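One structure coming up, written as structure tokens, with questions to follow.
As written, the chains take the letters A, B, C and D, and residue 1 is the first residue of each chain.
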Amino acid sequence: MSPASRYTYLGPEGTFTEAALRGLPEAATRELLPMVSVPAALDAVRAGEAAAALVPIENSVEGGVTATLDELASGEPLMIYREVLLPIAFALLVRPGTTLDSVKTVTGHPVAQPQVRGWLRNHLPEAHWESAASNADGARLVQEGRYDAAFAGEFAAGRYGLEPLVTDIHDAQNATTRFVLVGRPARPAARTGADKTSVVMWLREDHPGALLELLHEFASRGVNMMRIESRPTGEGIGQYCFSVDCEGHVTDRRVGDVLMGLKRACQKVRFLGSYPRADEVRPIPRVGTTDEEFVAASDWLTRCLDGRG
Amino acid sequence: MSPASRYTYLGPEGTFTEAALRGLPEAATRELLPMVSVPAALDAVRAGEAAAALVPIENSVEGGVTATLDELASGEPLMIYREVLLPIAFALLVRPGTTLDSVKTVTGHPVAQPQVRGWLRNHLPEAHWESAASNADGARLVQEGRYDAAFAGEFAAGRYGLEPLVTDIHDAQNATTRFVLVGRPARPAARTGADKTSVVMWLREDHPGALLELLHEFASRGVNMMRIESRPTGEGIGQYCFSVDCEGHVTDRRVGDVLMGLKRACQKVRFLGSYPRADEVRPIPRVGTTDEEFVAASDWLTRCLDGRG
Amino acid sequence: MSPASRYTYLGPEGTFTEAALRGLPEAATRELLPMVSVPAALDAVRAGEAAAALVPIENSVEGGVTATLDELASGEPLMIYREVLLPIAFALLVRPGTTLDSVKTVTGHPVAQPQVRGWLRNHLPEAHWESAASNADGARLVQEGRYDAAFAGEFAAGRYGLEPLVTDIHDAQNATTRFVLVGRPARPAARTGADKTSVVMWLREDHPGALLELLHEFASRGVNMMRIESRPTGEGIGQYCFSVDCEGHVTDRRVGDVLMGLKRACQKVRFLGSYPRADEVRPIPRVGTTDEEFVAASDWLTRCLDGRG
Amino acid sequence: MSPASRYTYLGPEGTFTEAALRGLPEAATRELLPMVSVPAALDAVRAGEAAAALVPIENSVEGGVTATLDELASGEPLMIYREVLLPIAFALLVRPGTTLDSVKTVTGHPVAQPQVRGWLRNHLPEAHWESAASNADGARLVQEGRYDAAFAGEFAAGRYGLEPLVTDIHDAQNATTRFVLVGRPARPAARTGADKTSVVMWLREDHPGALLELLHEFASRGVNMMRIESRPTGEGIGQYCFSVDCEGHVTDRRVGDVLMGLKRACQKVRFLGSYPRADEVRPIPRVGTTDEEFVAASDWLTRCLDGRG
């Protein structure tokens, strides 16, 4: 297939990222290419070797995926066109015939471990844990006989000739990972009315109220922030940029007005895209912040310039 | 003369308002018509009987001139095209030959009294004060022999056949009255770089932070407020509108952006004009609020919509 | 009677101020002394010649009573212990036997005129208005035959041998005047749960956000402002102090916290008292601002200092 | 030695954490015990098996150390008593006799890799990288002959019989890691005038302005925030707590006032301690926020309650 029909993703095969990607309708007609790391998946897009990449950006237990946040904030610009939410539940995968009593060693990705720790304590208190490079890699090691069981997505069982002994394992309620589909910069995804906009902002100066002023740009137009994360700029302790998601689409007047306010108030802003919200919630603009009210205010200003205000 | 060359002012002749009006270059070629009240002076403009009216709006000792503030906030819209600052100092006008020892009764406008009270206590502790309808009217009453002396502007002496016995009387240092030249709505005065903009705002709802939010519209664009006065709307105790002057001209991008923000956030806004500051101070815009930065932010938003942000 | 049982008020007899004062229960046992001006009424209290003074502070049509605001902001400190709201409705007082048809001349206080202008236009379009020194004085002049009718409070009729030809005259709905009972500084009035607190604040510096910061002191503790008025400090155009009423009593923790915040943030603050609200509305503190939450936060800080936070 | 003289740290031996710990004067008289993970190091303190633990909390290249942030925010409370800043520079450790030309395989902790990537590209473009469990572990694997070279602290060379072939390797200027010394809750470290205070805050409700209001608690008292990081609460995407460092000591009145404000405004606050700043910068309080001004405001409020305000 051509690069235009190729999607990369954070591999290997059999991970939750692949499961999230396969949930997208267009995945059926794309070549899905696992990559060894988030930077590798995104660099393939930058290089024109793939049309898009699906990478995790946020996990409700572990927090922001720093590799993704940092890649989106630096290097050649990329844009987000889609988000996918995937509830995270693990299956305990074993070779056919293995019983729970006989599981002495378990493996999985280091990130999985805190999410199944409670379950292990209750059901396999004696089992010994060793980390694998990925959940899929853990499954492979069970297939090879190195471990008795692996925590992975239930969907990974078949690929490695394993079977799910226990399913729906997760210590935290509502454990969810959020993935984003990233491509080269182009027109943002069309407005749906249930949209999200992402930006990265670098404060102009290290003064007490700088962050406060930026948050005011959002609040004063009634645009809710949905995620804010500080990331080091690499220029020393205490030097941050801020990665933010907010409600609404860049073509919503109130969101565009926020973006222009950020542009003026920040040393630098990077627009990361507007795209449909996976939860499909449609926010109701606060009074004074609808498109109609923005247009009316602009028209009124024009009339003021003619003495007809 | 035609109405187009007629200026009304708060009369009668011989008041500080007339003195302020005569300080304007174009006054020499206009018919200057004294009116009995601020509403009368402004209604003549509304009715097309005069091109403009000069009225006091603020006094550094007595505060806002409520008649002017209320007239500008209600009725047919009017706009301010010019401001004039006049230092206020009184002269004690007497009939020729009168000595200070022989002054037993003094008169003047009620507003003058608090501004000369200290001087009276020190120099004429025994004199009896009675109020007159205006400073000029007081001078007339001295001419008629009803009082021994009147406080008025030194310029009023000749008109009433009086002479100034003492000049430069003012209890407060820097006592100043600010006058505005008001006309029917038209294009605002041209931008000079040292400008002032006036608005009246009606809060949308009586919630704790409403005024705070409006002040933020100014502060977030670095636009300094120079005057703020609350005035009752007439709808009951606790119902106010706010009359505000701020730095800058409506064609300054940051000021236009503030005005649009007020328009959206307020129940109602009335634009009262942009005009040259009498003190000719040219404010330096805060970083992030110059016209160039506004244009750059707008251009950047446009590029974002094409994926070139 | 002794000064301790004497109340002064803005006279003369027969004005709305006297009517407001007589509405106070204790008025029956006090000597009520009319004074020629607000400063005179308040100076009698300062001098120990009266226990308290009742003066108007705010009118829903005309706005703040500047003489009262300025007297409270300067000179020897005074405090407010009570407020009274009086609906303002005028009666047209005439000599017995006068009919509406025969009224050719009317009088009243200048402040009354804008409040009855509409009624006059509709019912006595031909009548000639002249101002009197007070509403009561107008009534006296009708008694003396100088005018045919006077606008005044209905209660003034008997005192001057007049009768109310028309009652309940007021152009504006809900026209109300607010009066305050002022005494020398002492313990504030006891907390009722429906209280109001008054202060005057002088900003520390003339910087863009100074007023904004002060309003934030109120908003951040959920304390609603009920009135804000700027008054010139007398030091030149653009130099203001702010007179503010807010919800709550100085002994409410959130109000005390606001006051301390103002004290730190302002060049000067003058506490004008806490007193029962005439409208008896009891505000419900916002979550996080109850006395219990203030005490809990203070206790928690103490525990933090011991490592028990 | 007894637990009271034992310090744990994030092991193994030979890591930067051990180097940071050995920089503390008291380390010479303590038993220093490496632990396999941040939770293990902290749990030993919670269990009373050690007096304190040194763990990394922030890296100028990689950002917050989430294991540390999350452990401090949950479980049995702990407090920070000290911070240590360690410039991060790597040495390329090799077996004696190895030359740069002969290095075909290199190892190190995954976190090290992005910090030496540029150096590798320039000096060892052909070398193959594989990650090790820690920098120290990498050194051990070089000692065992599994790799030709390891990136680690220069101080680790001797322990593993290696020698530093190249030193002071770091792609980013000023790469620094910040470590904190954590113990069971007790009195905070004494105030030095150059202090830092750490808290974790859980917002009360998911409303647009909640974070803004918290930042205002800092800004309104002139207390600078030095670090802010959002961390998921584990209750679903979009649910965060905020980990914050600010200038000043809990016994500074302005900082105590901020903390009480946070306590009232937040659903929950956890005080993580006040301790000397490693950079020894002494902030100058903004006007209105000194201890003296806080005391003066409090005294004034007391006087207001007696009518002596």
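Quick note on the criterion: a residue touches a chain if its C-beta (ideal position, glycine included) is under 8 Å from a C-beta of that chain, and two chains touch if they have at least 3 such contacts.
None of these values were measured; they are calculated from a predicted model.
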Subject >> Same or different contact residues where subunit C meets its copy subunit B, judged by the half mark >> reply: same
Subject >> Separation of subunit A from subunit B, taking each centre as the mean of its C-alpha atoms, in whole Å >> reply: 57
Original post:
When the C-alpha atoms of subunit B and subunit D are each averaged to a single point, how far apart are the two points in Å?
Top reply: 59
**OP:** Quick one: report the Å distance separating subunit B from subunit C, using the average Cα coordinate of each chain.
**Re:** 26
Original post:
Which subunit A residues touch at least two other chains?
Top reply: 216
Subject >> Pairs of chains in contact (touch as defined earlier), listed by label >> reply: A-B, A-D, B-C, C-D
Subject >> subunit B-touching residues of subunit A, taken from the complex the two chains share >> reply: 77, 79, 184-188, 204, 213, 216-217, 220, 250-251, 256, 259-261, 263-265, 269-271, 287-289, 293-294, 296-298, 300-301, 304-309
Original post:
Where on subunit B does subunit C make contact in their complex?
Top reply: 58-64, 66, 85, 172-176, 178, 208-209, 211-212, 215-216, 218-219, 222-232, 234-240
